[in-house]
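Next up: some structures, all given as structure tokens.
First subunit A sits with subunit B, and in the next complex the same chain sits with subunit C.
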Partner chain A sequence: MEQSVLHRTLRDIAAVLVVAIFMFPLFWWALTSIKPMYAIFNKDHVVVFDFVPTLINYAVVLLGWSRAEIAIESGSTFGVGGTSSYDSRQTILDSIIVSVGSTALTMVVAVLAAYALSRMTFRTRTGFLNWVLGQRFMPPIAIIVPLVLMYKAAGMRDTDNLFMGYVGLILIYALMNLPIAVLLMKSFFDDVPKDVDEAAMIDGATRWQTFRRIVLPMVRGGIAAAAVLCFIFAWTEFLLSLFLTTIIRTVPVKITTFVTSTGSEWGFISALGTAAVIPGFIFILLVQRHLVRGLTLGSLKE
Partner chain B sequence: MASVTVSNVRKTYGDVEVIHGIDLDIADGSFVVLLGPSGCGKSTLLRMIAGLETVTSGDIAIAGRRVNGVHPKDRNIAMVFQNYALYAHMNVKDNMSFSLKLAKRPQSEIDEKVGWAARILNLEPYLARYPRELSGGQRQRVAMGRAIVRDPAVFLFDEPLSNLDAKLRVQMRTEIKELHERLKTTTVYVTHDQIEAMTMADRIVILRDGIIEQIGSPLDVYDHPANLFVAEFIGSPAMNLLKGVVDGNSVRMDSGVVLPLPPERNPGQGRKVVYGVRPEHMGPGTGTGIKATVNVTEPTGPDLHIYADLGGEEICAITSERLTLSRGDTISFNPRLDRIHLFDAGTGKAIT
Partner chain C sequence: MTAAVYDAPAPGRAWLPRWFTSEHPLPWLLPATALMVVFGIYPALYAIWLSLHKRNPVLRKDVWNPSANWLKALADERVWNALYNTFLYTGLALVIQLSLGLAIALLLDTDRRGYGLLRALMTLPLVVPPAVTAMMFLLMLDGSFGVLSRSLYALGLLSPQYPILATSSTALGGVLLADIWQWTPFMVLIMLAGLRSLPKEPFEAAAIDGASATQAFFRLTLPMMSKVIAIAVLIRGIDLFRIFDYVKVMTDSGPGTATETLTSYAGRIYFNGDFPYASTISVITLAVVIIVSTIFMKAFRVRL
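Moving on, here comes the complex of A and B:
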């Protein structure tokens, strides 16, 4: 399509503006995380850039610096009580284990379920689909009390066993993400024409070989997309994590503990918040090469 | 190589029967085309031979072995699909060798077979390419390559050319026919395109609404259509079919137009018939004959198609003469009496 220079320029400006609007909170958050105390809270004016950047907030949440270490480094007492409760290394590790574990579990179950729903006919198929969708309508808060009791009875809550804590959260996140993952994967499987399955079967493949060697590689992009979604949902989940475990503090739950009776530690909150973007970012980087459009391109006449 | 036998095969979906008891013998090494309009059950029949659809009742045998309950992979068949159904994540070579790898053939044999197929199909320069990097014709050739490397007993083609543009279709038609001449593998080919059927088939099976209307060689079904449906379906432009009543040695249309019959044919005085004559046998001219009024003429290059009004019916005639005609002109027809077809107006069956 032929476009005038003016048209193109306007479009580019609009694109930059929209991106800027969405990126601004993230930018401000990251900026806050490297501000010293006086720049975060200033009663006279909003400090934007005229401050001396500091990594002390990160040192506290990611390295577990003590108050004494802060004092030595910054030459001030930083206005903080104890700092040990701000050490978030275990929190980040826990979040990674739970998110990756639940994503893996979700995807294994969802891919198999979605293939069956897409390709096989069985008696309860339609009802099953609606039931899957129905799970998505129910807000977790509606079932949190029975869930807590179930988790308690199963020994996954109020336990010192870290492993049981992980199992508990991985299970509930997988359950939480399964409906959306199954529906998403089903639509990706539906996009792969059945002729391809049939061609593979005539070529001598069993049902499993057809699935494993032909159809699965063709929905790689869908798996990557669904996995990213599941990971992000698990990574940012708050309510279930707050109620269903006492031993694990995931990042969202941990951050709420930074709001204390003596004030909100905005420096630490922003540092952990900014740091928490990074694992998700890495995860997306890892799967993004599969996130190419038109993976089935060429299989069929369009 | 093998014969295929279909005996009294029926197929129902729920309460709807779509194939009504079909019997068909496909000889070893022959090229049989299943031809019919969409919805006639030709694809369903092919898919039942392939094992992709279950057979409701009746038997299908390949090489004398009943295969009703046999998995497609164990039928020793290969199929080419309308939309190619290539494996998009594999390159051409892997697409073609997939079945051989599944069968755990030695690598040397795989390389040899794929190389052989690629040579036959002119795919050698493209072995490392992915389907998305190929043109439509090349993709179709890959789909065929995937079928021939297996050296199957039967080839099944499900409208393989209908996604190609006209020029490529003609070219691929020839290629498929050459391939068959070369391999002599029993082939069942489904199409709705009667030109494809005419040009490629040893035998044409014309289907309508789940029953066989006629089986015969291309010229046989063209020259001797068994009923009105076949007469209308085969040939382009279609056969002129004019209703009338037998009156002595002619057929009189409702409009009073009298159509001549050959002297040896006497279907019976007063019988209601349909008088059929192909456009190329209409014998248009300017002298004596059946008078009609020209509506439109279409020069195709070698021929001239004349559409004319004959007693309220539009008829078509083809001539290679360079007639100069315009709308409203009067034209006369002298149909070739030895190429007249007569059908019973009630049953639609040919009167011989």
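Moving on, here comes the complex of A and C:
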């Protein structure tokens, strides 16, 4: 279609403006993280660029700096008190362990199931697929109370044992991500022609050999995409980790504890918050191509 | 797969029962089944079982009393308030996110240079942890120094006497802002995929026949996109219905019960220690999700 220069320019301006509006909260968040306190809590005017940038907020949440160190560094003792509760190194480590562990478990379980659902015919196939889909639709709140009781009984909640805490969260995140991983992997397996399997099996390969040596290598891209999505969902999850563990504080839960009755430590909150979104940003840009398929459980392809 | 292939004995493993070899679906599905039974089906049944008990706060024991919680829930105004808030929130968010998403998708759907970058940037909000999004908007909507609040004051849309999140009539709107920011990109992405999959010919024919862009949109684009829209609405709707993170972090159901949803109400009861009643509200949430999504899928013939 022919479009006038004016029309095109207007469209460009509108497009950039819309995207800028959506980027603004992220920009403001990152900006807040390098602001000193007086700039964040200024009630006279909104401080945009008229401040001296500082990395103190990052030093506290990522390096575990104490108030004394801040005071020496900045010459200010504003809001003197303990900062140890803002040290988020353990939190970040916990989040990484839980997210990576649950992603690995989800992918192993999901890839096996997805292969069978894509390649074999059996009476309960449709029923099984509906069950998986239903699992995706089930609100976590529906099972949270029994899970708390189960976790207590199994020693995965209200325990000092960090390992049991990890196991508990890894298992429940694996369940949470299982439906999307199964349905997504099934759609990737469906893209591989069945002739491939048949040819291998006619040559005497077992199902397992066909899967392991022939089909699995062909869906590597799909596995990477599904794994990235599982990682992101585990990394960002809030409700389950809030209820199901007392010893582990994942990043989203930890960050909400910075809001206290005496005021919110916005500098620390935004520093940890900014650090927490960076892995997601990198990963999402890597799987742009499969994002729609992932978000629609494999039902729409781009 | 044909029966002949998987009825054949597994080469070299003939001593194993067939249902235990890789030729049979069972071993492939067993780990997933175990996970879904132990952490999905069993807790769901357990929740129903719990809801049939009544909490005795003095003895700190749950006593079998099948009707107590269900009658209590029916008469509980907060349940109806939470149900209303949940539906209102879901409905408003769906309408706004879908229309914004479609509009932005139409705007960004071009092969011109630079638009690829804009489309990639649009996906970024999706990966921000919702709890962090809630904090971002809490900061921007702060009554005294929040940049968004102050802009709204300056525009005369809000008054400093009524901070958006601390006022009953506007608090849900404040929470909605965070949801819209985070999830409109979801709609944009799916609508873009839908637009890209449309065939070119009908639009060329319409242009030759002198149809305007508006006519083409309503007569061609929308009807051809209906399946994609239905899928997007279904997935988004189900996630909206279980909204928890934004409400918990931004308003904690308040002020009063102005932003209390089914999920956050269940959470509140849980933290008060009444596990059976919390389970009852959870089961109600699950039932509503099943009923509404089934009706939707039947009415619009959606299959995922």
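In this section, the second predicted complex is superposed on the first by the 251 of 302 C-alpha atoms of A that agree within 3 Å, B and C clash if a C-alpha of one lies under 4 Å from a C-alpha of the other, contacts with A are read in each partner's own complex, and residues count from 1 in each chain.
What we mean here is this: a contact is a pair of C-beta atoms (placed from the backbone, for glycine too) under 8 Å apart; a residue touches a chain by one contact, two chains touch by 3 or more.
The shown structure was predicted, so the numbers you read here are calculated from the model rather than taken from an experiment.
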{"item": "Touching partner for A:286 - first (subunit B), second (subunit C), both, neither", "value": "neither"}
{"item": "Partner chain(s) touched by A:270 [first = subunit B, second = subunit C, both, neither]", "value": "second"}
{"item": "Partner chain in contact with A:195 - subunit B first, subunit C second, else both or neither", "value": "first"}
{"item": "Residue contacts with subunit A in the superposition, subunit B compared against subunit C", "value": "C"}
{"item": "Touched partner set for A:28, first subunit B, second subunit C, both or neither", "value": "second"}
{"item": "Partner chain(s) touched by A:10 [first = subunit B, second = subunit C, both, neither]", "value": "neither"}
{"item": "Which superposed partner A:93 touches (first subunit B, second subunit C, both, neither)", "value": "neither"}
{"item": "Which superposed partner A:204 touches (first subunit B, second subunit C, both, neither)", "value": "both"}
{"item": "Overlap of subunit C and subunit B interfaces on subunit A (superposed complexes)", "value": "198, 201, 204, 206, 295-297, 299-301"}
{"item": "Residues on subunit A engaged by subunit C in the complex (per definition of touch)", "value": "1, 8, 11-12, 14-16, 18-19, 22-23, 25-26, 28-29, 32, 40-43, 46, 108-110, 112-113, 115-117, 119-122, 125, 128, 131-133, 135, 137-150, 171-172, 174-175, 178, 182-183, 194, 197-198, 201, 204, 206-208, 211, 232, 235-239, 242-243, 251-253, 255-256, 259, 264, 266, 269-270, 273, 276-277, 280-281, 283-285, 288, 291-292, 295-297, 299-302"}
{"item": "Interfacial residue positions of subunit C with respect to subunit A in the complex", "value": "1, 3, 5-6, 10-13, 21-23, 25, 27-29, 31-32, 35-36, 39-40, 42-44, 46-47, 50, 104, 107-108, 110, 112, 114-115, 118, 120-140, 144-145, 147, 150, 181, 184-186, 189-190, 192-194, 196, 207, 228, 231-232, 235, 238, 241-242, 244-245, 248-249, 262-263, 266-267, 270, 275, 278-279, 282-283, 285-286, 289-290, 293, 303-304"}
{"item": "For the subunit B and subunit A complex, residues of the former touching the latter", "value": "50-52, 71-73, 77-79, 81-89, 98-99, 102-103, 130-134, 136, 139, 143, 146, 150, 163"}
{"item": "Touch list for subunit A against partner subunit B, complex", "value": "193, 195-196, 198-206, 209, 213-214, 217-218, 220, 294-301"}
